[in-house]
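Two complexes follow with chain A in common, the first pairing it with chain B and the second with chain C.
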Partner chain A sequence: MKIDRRSFLSFLIGGAAGTTLSPLTWKLMDDSAIWTQMWPWTPVPEDGEASYVNSACSLCSGGCGITVRKIDDRAVKIEGMKGHPLNNGGLCILGLSGLQLLYGPTRVWTPLKRVGKRGRGRWEKISWKGAVSEVAETLGDLRKKGQSHTAGIISGSDRGTVPRLFDRFLTVYGSPNLMRTSSIIDSYELTLHLMQGVQALPGFDFENADFILSFGSGIVDGWGSPVRMFRANSTWCNTGGKVVQIEPRLSNTAAKSDKWIPINPGTETALALGIAHVIIKESLYDAEFINYYSEGFEDWKRFVLDEYGPDSVATITGIDSATIIALASSFARASKPLAICGRGQGTTPGSLNECTAVHALNALVGNINKKGGIFAVAEPDYINWPEVEMDARAAVGMQKDRLDGAGSKKYPFSRHLLNRLPQAINSGEKYPLKALFVAGANPLYTMSDSKAVKKAFDKVPFVVSFSSYMDETAQNADLILPNHAYLERYEDIPTPAGMPKPVIGLSRPVVKPLFNTKHTGDVIILLAKAMGGNIADAFAWNSYDECLKETLGYKWRVMVEKGFWSHPDFFVQTHEESFDTVSGKFEFAPKETGSLKQFKPVKIEGDKTNYPLLLIPYDSIRLANGVVGDPPFVMKSVDDTVLKGTDVFIELNPKTAGEHGLREGQLAMLSTPVGKARVKVHLFDGIMPGLVALPRGLGHTAFDDYLAGKGINFNELIGPVEDSVSGLDAAWGIRVKLAKA
Partner chain B sequence: MSALDNNAKEIAEDAGGEELATSSPEINQKEQDNRSAGPVILFFIIGLFASLILGWIIFPKLLYSKKKQPIDFNHVLHVAEVEDGCESCHFFREDGTYSGVPKLEQCIDCHEEIQGDSPDEIKFVEEYVSKGREVPWLIYSRQPDCVFFSHAAHVKGAGMDCVTCHGHIGESESLKIYEENRITGYSRDIWGKSIGGFKKNTWDRMKMDDCAECHREKTANIERTDVKTPTNRLIDHLIDMVYPGTSKSGKGGSIQTERDACFVCHK
Partner chain C sequence: MKHKKAKKYGMVINLDKCTGCGSCMVACMAENNVPFRKDESDKLLSITWMRVYKLTNGKPFPNTDICYLPRPCMHCEGQHEGHSPCVTVCPAVATDYNIETGIVSQIYTRCFGCRYCMASCPYKARYFNWWDPVWPDGMEKYLSPNVSPRMRGVVEKCSFCFHRYQMAKEKAFMEGRRKLKEDEYQTACTQACPAGAITFGDLNNPNHAVYRMVKPDPKHHGRPTNPNAFRLLERLGTNPKVYYLSSREWVRRVGDNYLKNESIAKKTVHQG
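After this line comes the complex of A and B, so read on.
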């Protein structure tokens, strides 16, 4: 039998017929359809039991309560906690995106030790035991040599149990150098201290105020506790409350306000004094408060009346005198007016002068410690640990001056002056810093004049980061002792600044720690025990959780049940009790600071000839610029007139752009006395001519691919300017020149 | 000239060539027919059977890989111990969602200590319970991720029995081998044991047609159109376009929503 072509064809036909009659084709078609839906990169939601855990968000200092939805063991959604005194169910875009930080690729999985040169990104994994003993050894050596004061800590906060444990550790170890990240709160604390004689945080009763005079505060751009501010802003829309926004740029807050008054940048103090002038002149002030509860009013009044008439203020501020008069009149005539300051998100302290001038406006209308006004909120005193017993070495160390100069003869009132640290290290005028711990802060990104900060860090031989994420500071550390992420740990979240009533939030583990991380509180306790002696004795707790429970006492139960604790019988102090100054009254011109009353413009860096324009930063709720950067969800919300690809846009008035021959979208080179950057131009009528605005929160070198390498870090272009009274960073901008790139 | 024409010409030439070579064209023609008919039929049959064997017998063996469950579970033993039948372990949560395969949490009450001496029991307690690891059960009835199925609607709402879809698994003393489709990763139980898709019982298959079958029956009584397969839907749609208004598809196909939309069942 010959097998020819016909046989072959008939075999094929038979095969085709058979295949048709078999399920092969149909089954394969069906399976391949399902296969296309099963590609491993297709995200599939978890299936399982839904549950909710109440916790607190600590991605910024806002202290919002959160409710996290879980499916089995996986956190799937963060929502605002209903009934929470701060955010009552609301949450900001960063808080909503927190899961991307928890599960994202930027977490530090295990303790790491640097290999090779610092900042090269080469690490070796080490055990917790090894890591703690290495730190203990280094600190022990310093102490033996009588150099305990050369150890320092940069902390995101000085309130709450973890920062206080650090403080306690440093005290008993023998170093005065715990430095807190600075913000407008520093200026407010100082203002309250000088004018009211109290050590307290400012608390603003926004919910009951009906006229907000904001000196550049980004009410809907992330100032204060952001969600509380959004809610207050909505309340004013419904109740007819008015917002007047004073700033040189049409920010989101300005756009949403009832009136936006553009002002020459840095002249806000003059405007505040000008408004005071009109109020005094027209006798619109609260005479009862002034007469019975204030001191130094007559001197201050004379000075304000002499120097700050509407016409002279108009010249300084660029706001016409009629507007100033009308503004002063509407502020003073409102039933519950409230003046606030702190530019943008309030991340820089600004000049103390400005803060006291704005606070004086509140005093003029008598809304201190009054409904709808500003309160001095004392810290809830729940942390009552036994006094530490310092040995001789610790006592000697604690006697040394702080490296940042806070509390020194020059700056006797300031408690923290982190902005002065890089200069102190780089100049070497006092003593070198030999060990630096960084917790809850990312100074290599957030501090101005990045180059100088980096240089200072390079001079510190031993840098330890406690970050949960591989941020800029962790990248440049010698040792990373990763903390549990904020959704994996217990921690108390003390009253956020701006809240008129004490509230303590409880951050609690939503999920079990995903990696080989350790609570920073536990690390401090372990470290103390490893060091032995008085240091170990000061930390009697076996674990941080035990310490926290013991510290909170009866509040713990309430906090576990409700998710937060608020003062049940908090009452408004009477004016008789409010002021702890020498006179027992509100001080309009505190004697401690002779120069306070004068408006002295902050001398910002750069000369006018070489740098004809002014560069100012701006903040947006869509750009996190604190201890964490934008997670991908938030990055997605950034407008393409802010960031396109990796290029950041500067905002420029069309008139200024015309003078420089720049068009929309064109590349330009921005140079300040501190740094240079290539940017794109966005023409914006909402910015005053002669100004250049650049967003904060971009230009990260750390975090994930969605954020790193995009745009410019504003801090690379600006340096700190010391306030003459407080020593805090008073810079609001820097001079800049712009050229076609 | 096209390839087909070329081919035809070639065949013609071949035939012609043979004719020239033989002396008697008639005999030759017959011989040729006899010579070619046998192999042609034979090869057709070979091809037919080979492909039938391939499609019906070899293909399923290639398509599915056989996996053993991590623990051999005895349903009979457990059903006898519990009060509420299937729902004792496969229960509805408070929010109405269905718990599915039990988690360790439910087992741990009785199995904290080893019960009896079966090797599976020892393995279960030692490897899973004491280590706190969930058992990676292979789920026979797991549907593709895109399928939205509510147990509550069917069991609570329509009062259906577990057996209708899941068969008599509650009466099994041992877990059968899990056959995993190598292409899709799902159990063979979805398509059904029969590769041809034939079934005797309602629980033999769990494909969309099987959903549709039941929905069609239930909805027929209340004069609604049925849940449509994509092909039916396409035909209906075409009829609708050509002869508007004559198509049967008027009302919704879903009992739940009375709408005729894919997203009722497909996420």
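After this line comes the complex of A and C, so read on.
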């Protein structure tokens, strides 16, 4: 057949018309849309019966109540518990993504024993029986040799039944070395001890306060019990409560506050004393409280009046004197003012004289143990176990000095000084640490000067991790005895620090344990039984659950029903019974500490010529920097001006950047006396010139691919600085040098 | 008559209370089976139905200020009901305006990924699945059966947690009720916000909190009459159902494209 022009064109046009008019094309297009989606390329979540379980979140020490939605035996969503005294329905970003930890790839499935060199990541599975007997044998050997004191425990907390079981075990075994992860709470405990003579936790009545003077505390950045603080902040929005935020960087808290006052970093104590100066001079203090319930005021007053006039404070802090005077006046004239401290999330204790100076402000306005003020909250005494009977070996071991120097002649008031442990091990000045348990903590990530911490760990011949996740510390352990994940176990969640009223939460199994894990409480009991003698006698319970039920007594039923227990007849102490000092009054200048009242700036590391800038950390609620790291969802929320690919951004004032010839997004080399890191530059007007800010919570080497290997761990760049009175870590930053990379 | 009965679900976000904590973002991801990848730092590829933007006033230290702005789908009403920018361009009727609730839907099985809707959305609230979602082994256990996971090649966006509306309606029906109480249907972000910055409810109901907070003007497509309230890109005439409250003027200015010396507009431009 011959194809001429005419037939060719008719074929073309006819074809086009036919195709358009025929439903075939449209049908095929529609089909293809449907068809390509018919294949099981995406999972189809199984439907089932929906139910809700109330529990408590223990991903941080905030103690929020949670309600978990379940479909059959799967947990599908975590929500905040309605009616809970702390979070009433709200929940933080980390708590919301908890299921990614429960079902995530970082869980430790079974007890593991290290094969080959430490930290290489080669493990062999062992049975629980084998694991427990191995630990019992090692500890038994040490004890036989009279070295029971060389065993130690690093614990995330020293409250609640599981930490107390560890404590009990260590006591009857014969070692004084239970060390708690440190935080601003250590400084507050010490302050309350010295100024009020009590052993108590601080409780802040934020909900009733109407003027918050925050010395760098990240009220909406994760300080205290985070969700409670978010709610308090909104309460102030409604009631007209004022927040004044003092810090050198415009944090989220500073941006939310009514007034942000940038200050030269590390000079907060001077400002607190300067405010005290104005309050005293203008007689704005609570005369009744000062006259009847305080001691040493005259001495302190003279000193404050002599040395901390607004002008000299202005020179130190960089805040002009008019602002200081106005601030002091509005603080003292507010009906329920409250001053707080603890930088960022309060993960470092800071200097003790800063905490006492800030606390003195509260005393000046007389808001101690008063509505809208600060309370000394005694531990709820629900854990009443019979005294342990120590044998001779245990008694000898308990007599030994603590390795971290807490309670020693140098630092008689401190209870835990974990920051001093690496140095104590590395110098070998006291005695070596031969066995170390780590529970509820991840010291290889969270402790400052990572290199020194790693070196110290390498010197400990036997490290046991109780972590549910393969974190940095578990990776470098000899034995991992994985705890049930927090949604798989019963546990009491003690009142979070900062809460004025006792609220004990109950963590309970939302799902059955997924893997071959064991409750750490049960492991302690099994271990004690394996060791026999007095140690076994001190642990009469058959299981942890039995121990918990028995300990909580009548509270158990309330907690099972409501999910938490709160104190029904909580009352406010009168000033007459509040203070247990020698004088029976509030001590403005505790004698035990001598020079405490003075402002001596913390000597941070590095000299000005080699390291012209100052590096400070900043905390964000979107970057978990505690026991667990960010799950994938939370990583997703991190801004691209904080992390891009694997590069972390430092925040730099455009002025400082200009002086160093650095532009937005440019690579730079950051070096401090402790370490070096490659970073990218982000220009931020909200940071004081001369400062460099780096976020905490990145630079993990453990956990999953969604988190590991991204950014820098701030702790690699900073080391601890010992406070001269408390021995706690007082470092707020470090000197730093910045160069183009 | 019909119009009186219809609901117009909307959201009011108080930027004075919002702390930028990101709980809304994650509550949404957890509720709606939103996927995630190993690197989420390229925000053009990162699927976030609810995204929190950080705004700055651009002033040098120490007069700098920042504000966070959570951005869900605006569920635009358009110049007349249902005339949302995305709905009008979709060739597959994969996105539709629900007259009963005012919610703009996204029907994944109809979508064939032409992404016209993404181009037409002025709020960048729509996201394309460039890859099939992958959950690490075992993690698919937490997926909710109420929202189907999406595959490669389709567009997705905030649905005002429409499945929660359906569940609330079913529950009410089982209890023999026809009306929903205000708190019965709430989105996941509203419920999770620890600061209580988000309020969700019926903008047609003068008794609902959302109505009382913004006082929408029915003559001007629900433009807020509360001077502290604003909608994003008001002058485009998209008539979003998400309102923002802020006591700070610079924040309200950032909500639309103003010329340098222009004061905040008093009236909207009506187009087409």
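In the analysis below, the second predicted complex is superposed on the first by the 698 of 741 C-alpha atoms of A that agree within 3 Å, B and C clash if a C-alpha of one lies under 4 Å from a C-alpha of the other, contacts with A are read in each partner's own complex, and residues count from 1 in each chain.
By definition in this document, contacts are C-beta pairs under 8 Å (C-beta built on N, C-alpha and C of every residue); 3 or more make two chains touch, one makes a residue touch a chain.
Quick caveat, the model's predicted, so the values are computed rather than measured.
Participant: Please work out whether A:D31 is in contact with chain B alone, chain C alone, both, or neither, and reply first, second, both or neither.
Facilitator: The first partner, chain B, only.
Participant: In this superposition, which partner touches a larger number of chain A residues, chain B or chain C?
Facilitator: C
Participant: After the superposition on A, what does A:G645 contact: first (chain B), second (chain C), both or neither?
Facilitator: A:G645 contacts chain C only, not chain B.
Participant: Taking the superposition on A as described, I'd like to know which of chain B and chain C A:A394 touches: first, second, both or neither.
Facilitator: Once the two structures are laid over each other on A, A:A394 reaches no partner at all.
Participant: Now for A:A270: first (chain B), second (chain C), both, or neither, which partner does it touch?
Facilitator: Once the two structures are laid over each other on A, A:A270 reaches no partner at all.
Participant: When the two structures are overlaid on chain A, which partner does A:E49 contact: first (chain B), second (chain C), both, or neither?
Facilitator: first
Participant: Classify the contacts of A:L552 with the two partner chains as first (chain B alone), second (chain C alone), both, or neither.
Facilitator: neither
Participant: Just checking: does A:S22 make contact with chain B only, chain C only, both, or neither of them? Give me first, second, both or neither.
Facilitator: First partner only, chain B.
Participant: Under the stated touch criterion, which partner chain does A:F11 make contact with: chain B (first), chain C (second), both, or neither?
Facilitator: first
Participant: Based on the superposed arrangement, let me know which partner A:A424 touches: chain B (first), chain C (second), both, or neither?
Facilitator: Neither partner.
Participant: Residue by residue on chain A, keep only those touching chain B in one complex and chain C in the other, then list them.
Facilitator: In the superposed arrangement, which is not itself an observed complex, chain A uses residues 32, 34, 37, 42, 44, 47 for both chain B and chain C.
Participant: Please name which positions on chain B make contact with chain A in the complex.
Facilitator: 35-36, 38-52, 54-56, 59, 63, 93, 95, 97, 99-100, 103, 144-146, 181, 183-186, 191, 195-197
Participant: Could you list, by residue number, the parts of chain A that touch chain B in their complex?
Facilitator: 1-4, 6-8, 10-19, 21-24, 26-28, 30-32, 34-35, 37-38, 42, 44, 47, 49-50, 72
Participant: For chain A, which residues are in contact with chain C within the complex?
Facilitator: 29, 32-34, 36-37, 41-48, 69, 71, 74-80, 87, 89-93, 96-97, 99-100, 102-105, 220, 226-227, 230-231, 233-234, 237, 250, 252, 255-256, 260, 262, 514, 621-622, 632-641, 643-645, 653-655, 684-689, 704-706
Participant: Quick one: in the complex, what on chain C touches chain A?
Facilitator: On the chain C side, the touching residues are 14, 16-17, 19-23, 25-27, 29-31, 33, 36, 38-43, 46, 48, 52, 54, 56, 58-62, 64-68, 92, 108-112, 132-133, 135-145, 148-154, 191-197.
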